[in-house]
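There are two complexes below, and they share subunit A, which is joined by subunit B in the first and by subunit C in the second.
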Partner chain A sequence: MKEKELCRTMLFCPATNPKLYLDAPTFEPDSIIFDLEDAVKYDEKDSARELLAEALKFLEFGKVEIYARINPLYTEFGEIDVRRLVPAGLRKMRLPMCESKEQVIELSKLLEEVEKENGIEVGSCKIQASLETPLGVKNAYEIAKASERIISISFGAEDYTRLLGVDRTKDGSELFFARTQIANVASIAGINAIDTVWADFNDVEGFKKEAKFGKQLGFAGKSCIHPSQIEVVHKVFTPTDEEIEKSIIILDAVKKAGIEKGGVIKVNGKMVDIPVIEKARRIVTLAKGAGKI
Partner chain B sequence: MDKTVRNKVNIEIPEYIEGYGKVKPYAGAFETEPTGNKFAPKIKAFKNGEEKILKTLREGIEKSGLKDGMTISFHHHLRNGDYVLNLVMKEIEKLKIKDLTIIASSLTKAHEPLLENIKNGTVTSLHTSGLRGKIAEEISRNGIMEKPVIFRSHGGRARAIESGEVKIDVAFIGAPICDTMGNMNGKEGVSAFGAIGYAMADVKYANYVIALTDNIVPFPLNDISISMDYIDSIVEVESIGDPTKIATGATRITKNPNDLLIAKKASEVLIATKKVKNGFSFQAGSGGASLAVCKYLREYMEENDIKGSFASGGITAYLVELLEANLFESLLDTQTFDGEAANSLVRNKNHIEMSASMYANPHNKGCVAHQLDLMILSCTEIDVNFNINSLTASTGVIMGAIGGAPDTAAGADITVVVAPSMRSRLPIILDKVTNVITPGDTIDVLVTERGICVNPLRGDIKKLLEEANIEIKDIRELKEEITKITKVPKSNEYEDKIIGVIEYRDGTVMDTIKQIKM
Partner chain C sequence: MEILRPSIVGSVESNDILIQIEKGNGIKINLESSVKKQYGEDIEKVIIDTLKELNVKNAQITATDKGALDFTIVARMKTVIKRATKKGDVA
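Moving on to the complex of A and B:
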């Protein structure tokens, strides 16, 4: 099983804005995703890529994971993005508008070629496939299993609702199928599922509600478009002190009883078996990742 | 070269400065013991039947006996909306009076016509807390004044007036409401600006006081901030200013995510010091990260049912909200920043007006600044010894104000500076600031978005922050981290001419400002 990274928040930053390269890490998102795709005008694609390449070489981002949302390979920019950015240090990228395993395999092959050309260990570059169309959502499983490089799948609701021919609403009922499908597939593939963005960053309550529901559906984190959203998502996706304490007690009791691999004990009057143990382990892992223990 | 001396912040200053006089070097925040008596103005009498209201401003100036070489004073409560200084200077210009010294509580962009008065010799000396815009540019770059501008804090100005170090011949007071005998306040009328604290020393110590008002009411006014016994003449003018321009944009909580991040970190620092508890006192500057600290403190106070004693300084609508939400017992106000706060001053007896002397004068029998538990300051630069600059830009041009920074930093138990780690690609932490305004030994913590630094003099605060798991960086290490990104900016070159003298609040000299080499 792949080790899942802590990815509660992915903060979108247009790769064209130099100031954001310096500011974004200070908000301490788990990851930043520098956007070369939709946020960048056609005539700024090259300069945005150059800026990102230089930033990757020059700046230190500390604990924050860096992603780029590259352009799809079927555009004139996708391949150049990969060829320029991987040698500059990019190791994680979101592949937008992903609809088939073939698209993942195509990117994976390109990455292998670039890795070999630049003396980078083959397989170091990882992919997050972004499912933003009804077809992509339908093919989620084959996409998630298309390459060892896939570390997560993410959901993009804007294009999805556009293609579905429906409006995106604040209660998000039109997204229910896609979100459950993506979370379910990620679980089968043993990878993270990352939830879609919430555009109205002034509506904090609506955002919080959507983030909470995403967590309930099985997402590991959420894409963010404004720094103010980070703390909200972190609060939602970080276990509470009570949950952490309870989980530690359970794991201690399990260890004492020697039932890590099977068996049942009672802790504080409640039955503890393998599913409960797994849940407690997940909470402790999340809490460690979030620096709470 | 003239004889020089190094002061306590290791700045070399001449022992004598032409146009200023003999220099007392800064020796430490509380090292200067006051001696002697306070200054007293002339004794006067006023008989039944006499008239204070004059027909014109010209008549008032003539009656005051203003002559070449004298000193006049102004207060800046209307800030960017002030009309008084320009109205007065226009009349003085017509009267061909020259070589005047202006003692202003501060000068703003509204006062740019003053540039002409300086160029034609009407005004030859300026004393102020702040200076910006064209006048500041001309003085900094072209050295258009022979005498250096003397910069003082709000407390320092009140002290200098009370001690007689500066003697005001004629004080001009803008009054939004004034009765026929000169009783006035700043909080009523169409031009209401709120507290009139800066002008209180002026009226008490000036030899002649002229009130300019756009709102004369019958005697007696029922709410008096400055009383008739200090007022010589009253002149009615069309308008004393536009209160909507007092502090545009500075009074709302910022939405800038960087400022909010800094404010949040600063509030965490304050909470970690364990000072945010029932009965605590607090002051924060307006605008940016500084005011935003209040937002986060408010959340903490509400969650933990904490009620503070007082909040002070420049009062904004947001602080009024905190008062009305029962989070503070009172507000102490020397300068009101918006209409909402001015209304509060009228209706709420727990919103208390104070003079600049009561606010911050180090040499009186007790000032509010010395009662502060927590103070939040902003700055343009800070050095590795925690000395801060808030007056000059990194280019050497004067572009800010001293305000109450040295007063509150010295007085408060804990002073926290909030600042972005870089501005316009320039690092905020330097080996040496362009000018020292507030000495580092009165600054306790620096909060930037990239890290928090504690003054080594405050081991007690460091310990409390560590206990709260707040990461602390050495200020030199944080400086390196920032300059790795920004690189080290080229330093400025200066002429020998001193164009500004920065006095500490006790009257000693902290630093000098030199003319920029062009």
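Moving on to the complex of A and C:
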């Protein structure tokens, strides 16, 4: 089983803007995703890539995980992104518009080549596959299992609804199938599922509702497009004090009873068995990651 | 590396630097910065070091700095040099 990283928030930043490299970490997202793809004009792809490369070499981002959304490998920029950024220090990247295991394998092979050329341990570079099309959603399982480098899959609703030929609504009913499919597949593969962005950052209530529903479906976090969204998502995806306290009591009782690997006990009048123990462990892990314990 | 054409990169947004490069005899730098008095020499050193790293011996640089940190100056310099020295047509 792969170790899942704390990834409640992924804050999108265009890789073109130097100020954002300094400002974005101060909002303390779990991760920042510097965008080389859609947010960057065709004739500025080179300057964005170079800025990110130098930022990776010069700056310290502390606990914040750094991702790049690279350009797809079928474009003229994808391979150059990888060849320039991995030697500069990039270790995590989102592969956009991923539709098949072959695309993951192609990136994985390129990463292996670049790792070997630069004396980087093979396998160090990790991939988050972004599923943004009906075909990508359909092939989610083969994508998630295509490489050991896959640490998460994310959902992109804008292209998905465009290709489906439907409008994206605030209640999100048109996304239900894709979101449940992605969360379910991530669970089978033992990796994180990251939910889609919410474009209307003035609609805080709508955003909160969508984030809560994403958590309920099994997502580990959500992509964000504005710093104001970070606190909202962290609140949704961080266990409450009550949940943490209850989980600690359960785990203490389990330890005392010696049933970590199987068996049943009663804690505060409720049955505790393996599924309950696992949930308690997950809550404690999340709470630790979020700095609440 | 030889400068083949004038090129430009960056912006005058906060924390950025706008850099133009063109053919020249030796290295000549024209720097405009609100912090030139304090950091002008440092900025010019980063520019010169990057030119040396990429083996550019003849170039005229015009830079308008808006509080760029070293990583931005290096990145902008590397990009502008690549654009100016790229062989073939440049869109």
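As a working rule, the second predicted complex is superposed on the first by the 293 of 293 C-alpha atoms of A that agree within 3 Å, B and C clash if a C-alpha of one lies under 4 Å from a C-alpha of the other, contacts with A are read in each partner's own complex, and residues count from 1 in each chain.
Throughout what follows, a residue touches a chain if its C-beta (ideal position, glycine included) is under 8 Å from a C-beta of that chain, and two chains touch if they have at least 3 such contacts.
The structure presented is a predicted model; accordingly, all values stated were derived computationally and were not measured.
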{"item": "Subunit B versus subunit C as contact partner of A:Asp159, first or second or both or neither", "value": "neither"}
{"item": "Which superposed partner A:Leu22 touches (first subunit B, second subunit C, both, neither)", "value": "both"}
{"item": "First, second, both or neither for A:Glu50, with subunit B first and subunit C second", "value": "second"}
{"item": "Residue contacts with subunit A in the superposition, subunit B compared against subunit C", "value": "C"}
{"item": "Partner chain(s) touched by A:Leu59 [first = subunit B, second = subunit C, both, neither]", "value": "both"}
{"item": "First (subunit B), second (subunit C), both or neither touched by A:Pro227", "value": "first"}
{"item": "Shared contact residues on subunit A - subunit B and subunit C", "value": "22, 59"}
{"item": "Partner subunit A, residues of subunit C touching it in the complex", "value": "9-10, 13-16, 68-72, 74-76, 78-79, 82-83, 91"}
{"item": "Contacting residues of subunit A [partner subunit C, same complex]", "value": "17-19, 21-22, 43, 46-47, 50-51, 53-55, 57-59"}
{"item": "Residue ranges of subunit A in contact with subunit B within the complex", "value": "22-23, 26-27, 59, 226-228"}
{"item": "Parts of subunit B lying in touch with subunit A, wherever the complex brings them together", "value": "257-258, 260-261, 422, 449-450, 485"}
